[in-house]
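Here's the structure we're looking at; comments come further down.
Per-chain numbering from 1; labels A, B and C assigned in written order.
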Amino acid sequence: MSLTPTKMRSIIEGLLYLTGEEGLLLDQIAKVFPDAPEPSIREILEKMKRDYEENEASGLMIVEIAGGWRLVTKPFMATYAEQFAAIPKMTPLSQASLETVAIIAYRQPISRMEIEEVRGVKSEKALHTLMAKGLIKEVGRAEGIGRPILYGITPVFLDYFGLRSLEDLPPLSEAVKDPGERPDEVDLLYNRYKETVKEWSDDNAEQATGEAK
Amino acid sequence: MSLTPTKMRSIIEGLLYLTGEEGLLLDQIAKVFPDAPEPSIREILEKMKRDYEENEASGLMIVEIAGGWRLVTKPFMATYAEQFAAIPKMTPLSQASLETVAIIAYRQPISRMEIEEVRGVKSEKALHTLMAKGLIKEVGRAEGIGRPILYGITPVFLDYFGLRSLEDLPPLSEAVKDPGERPDEVDLLYNRYKETVKEWSDDNAEQATGEAK
Amino acid sequence: MEYKVKIDAFEGPLDLLLHLIKTLEIDIYDIPVAQITDQYLQFIHHMRQLELDVASEYLVMAASLVAIKSRMLLPKPELPDEEPEDVYEDPEASREALMQQLLDYQRYKEAAEALKENEKSRMRLYTKPPSDLSQYGCADAALMPVSKRATVHDMMHALQQLIRRKIGREPLHTKIAKQALPIGKQMQAVVSVLKNTRQPVLFSALFPYSDRGQLVVTFLALLELMKKNVIACRQEENFSDILVSLEEGTDEFDPNEDAFHY
């Protein structure tokens, strides 16, 4: 016996409620309806999403984040949810962490040194924070001297920024013209500059650590 | 400014969803609407309850027991919830188990009550699962009333998560250590300082532009 | 460990340069090195006057800016053709390199801005913790699956979720606990439930909360109502469920009567 779309809608709604923040993957739903074709399930979800959105009498809406469907409260509810909770909000990421995670997202796998080249400053603390929040992870080591750790983003990254997939990332503005065709001298100067920075900042870091003691 | 019944309904729905099976007391809802008389709130709840009941396309319903209101799944959902529960999960450890084992790893030795304080929910089942999997063990008993059992992690934990030692665990973000923490004076001071610098540099830039002209 | 110094609102020398370029309305594709160098140095100078520790990155940038500027003032030396090219650092090339670096950094800075917006809207979405499905017979397998292991990062994610959830929930517990629910009020609540259902209610159904304070108050309220003959409790046999019902003629029960206030 196959289920009517109305019945299916009610079941999906129930499952969305039960799974809450964990979310529901399309193929998990499909397993509950072995006879229903996946497109029809997606159709019901999309319809449900629209219905919730348009329904002014409802404080809920459906979002698709990182491939999972979730029932969440509408943005306007945040005030009430927070007022109700009377707890300080989650602290957003610092500018340094945002820049760092952006570089990682667009350029992964990438080493700490490469990140610091782009930012022009040390980024250890930002990496630390991002690791602790589970937004990035070590994805391997580069070839070459020191075999530096390479970083990449995690699925939590998508969740944290509410993205469906990496394709949802805001487009990066157009690359600088012919970045590969820099004259050699520039690279040399650039490398020398980098090294100076490195020495300098290592010295400085040591000093700072020394002072802290 | 008073809210329309439609708006109030949407807010109540959102709050009922957020509190899930735990539900809300009428009093708690009333606090969100300081200007609305309690009977009008009750009316909205009763209406919402009827609406959900009559809506065949919804898998949810509202129940009232002893002054508490809850949004729950309709009874027919049990069959589907069972079916859904039987689907192998994406992560082999449930969210509850992961949270619990993480808390133990960072705070061992720790009692069940302390774990439940951090998680805000009962954690007996998760502890059971973790014990059965050999990821945690009893490591002693605390002093004091009832001498509660203390839990710690096992070598299997390290093996399971691919860690050489506990020191390999990612640094914990401040929020987990003390979720209630507010930005302290240092941050406030820092922000004020930032503003001063910003003002200064804007002034200076203006001056410079002036000179250049 | 990152050292404590970090000047002000800027994320580093590149950020500071971008700021100067913007406020001075300079064309980033044609940076007047002399002007920007002067401004940059002036800024650093003021920072130091304020006795602020200026991070080394800023000083390194200052040094290279000065180097480019001074080389630009000198005539280009006549080099014999056989000399390797890199002996002389062409200030034009250095300026170009700096521009490239600034443009590259600017792209990611913009991307970070966009992500900040995403973060902001995502933070406004709240949700409920997953329901306990164990009642539907979902048991964590007793054996550990080897193929699909949870990772440390799954665990960190779980902790983040926990924090989010606590934001929405914690006060609920504390509020109920601290409220010290008055018995009189709870008596009203029980009576109104019985009136609404118009039929006996299961004893256990009157205790929907696991909160201890709530349980005690509800229990005391029931005892008080029994004493006042407002309700009756029935038990068919030992250990069966207790049924609670309203006594006859309690319609005039006035919950606001002083006697019910504790």
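We take it that a residue touches a chain if its C-beta (ideal position, glycine included) is under 8 Å from a C-beta of that chain, and two chains touch if they have at least 3 such contacts.
Just so you know, these numbers come straight off a predicted model, no measurement behind them.
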Chain whose average C-alpha position is farthest from chain B's own: A
Highest-count interface - the chain pair sharing the most C-beta contacts: A-C
Euclidean distance of C-alpha centroids - chain A vs chain C, Å: 14
Chain centre separation (chain A, chain B; CA means) in Å: 20
Junction residues of chain A, two or more chains touched: 17-18, 20, 22, 71, 73, 77, 81, 84, 87, 90, 131-134
Multi-partner residues of chain C (each touching 2 or more other chains): 126-131, 133, 156-157, 159-161, 163, 165-170, 172
Residue ranges of chain C touching chain B (in the complex, touch as defined): 7-9, 19-20, 23-25, 35, 39, 42-43, 46-47, 50, 126-134, 136-138, 140-142, 144-145, 148-152, 154-163, 165-170, 172-173, 175-176, 179, 186, 189-190, 192-193, 196, 205-210, 218
Residues of chain A that touch chain B when the two form their complex: 6-7, 9-15, 17-18, 20, 22, 25, 28, 31-32, 56-60, 71, 73-74, 77, 80-81, 83-84, 87-88, 90-91, 128-129, 131-134
Interfacial residue positions of chain B with respect to chain C in the complex: 14, 17-23, 25, 27-28, 64-68, 70, 78, 81-82, 84-86, 91-99, 101-103, 105, 118-122, 125, 129, 132-134, 160-163, 169-170, 172-173, 175-176, 179-180, 193-195, 197-198, 200-202, 204-206, 208-209, 212
Touching residues (chain side chain C, partner chain A) in the complex: 1-5, 11-15, 55-57, 59-61, 63-64, 85-86, 88-90, 93-94, 96-97, 100-101, 103-116, 118-131, 133, 153, 156-157, 159-161, 163-172
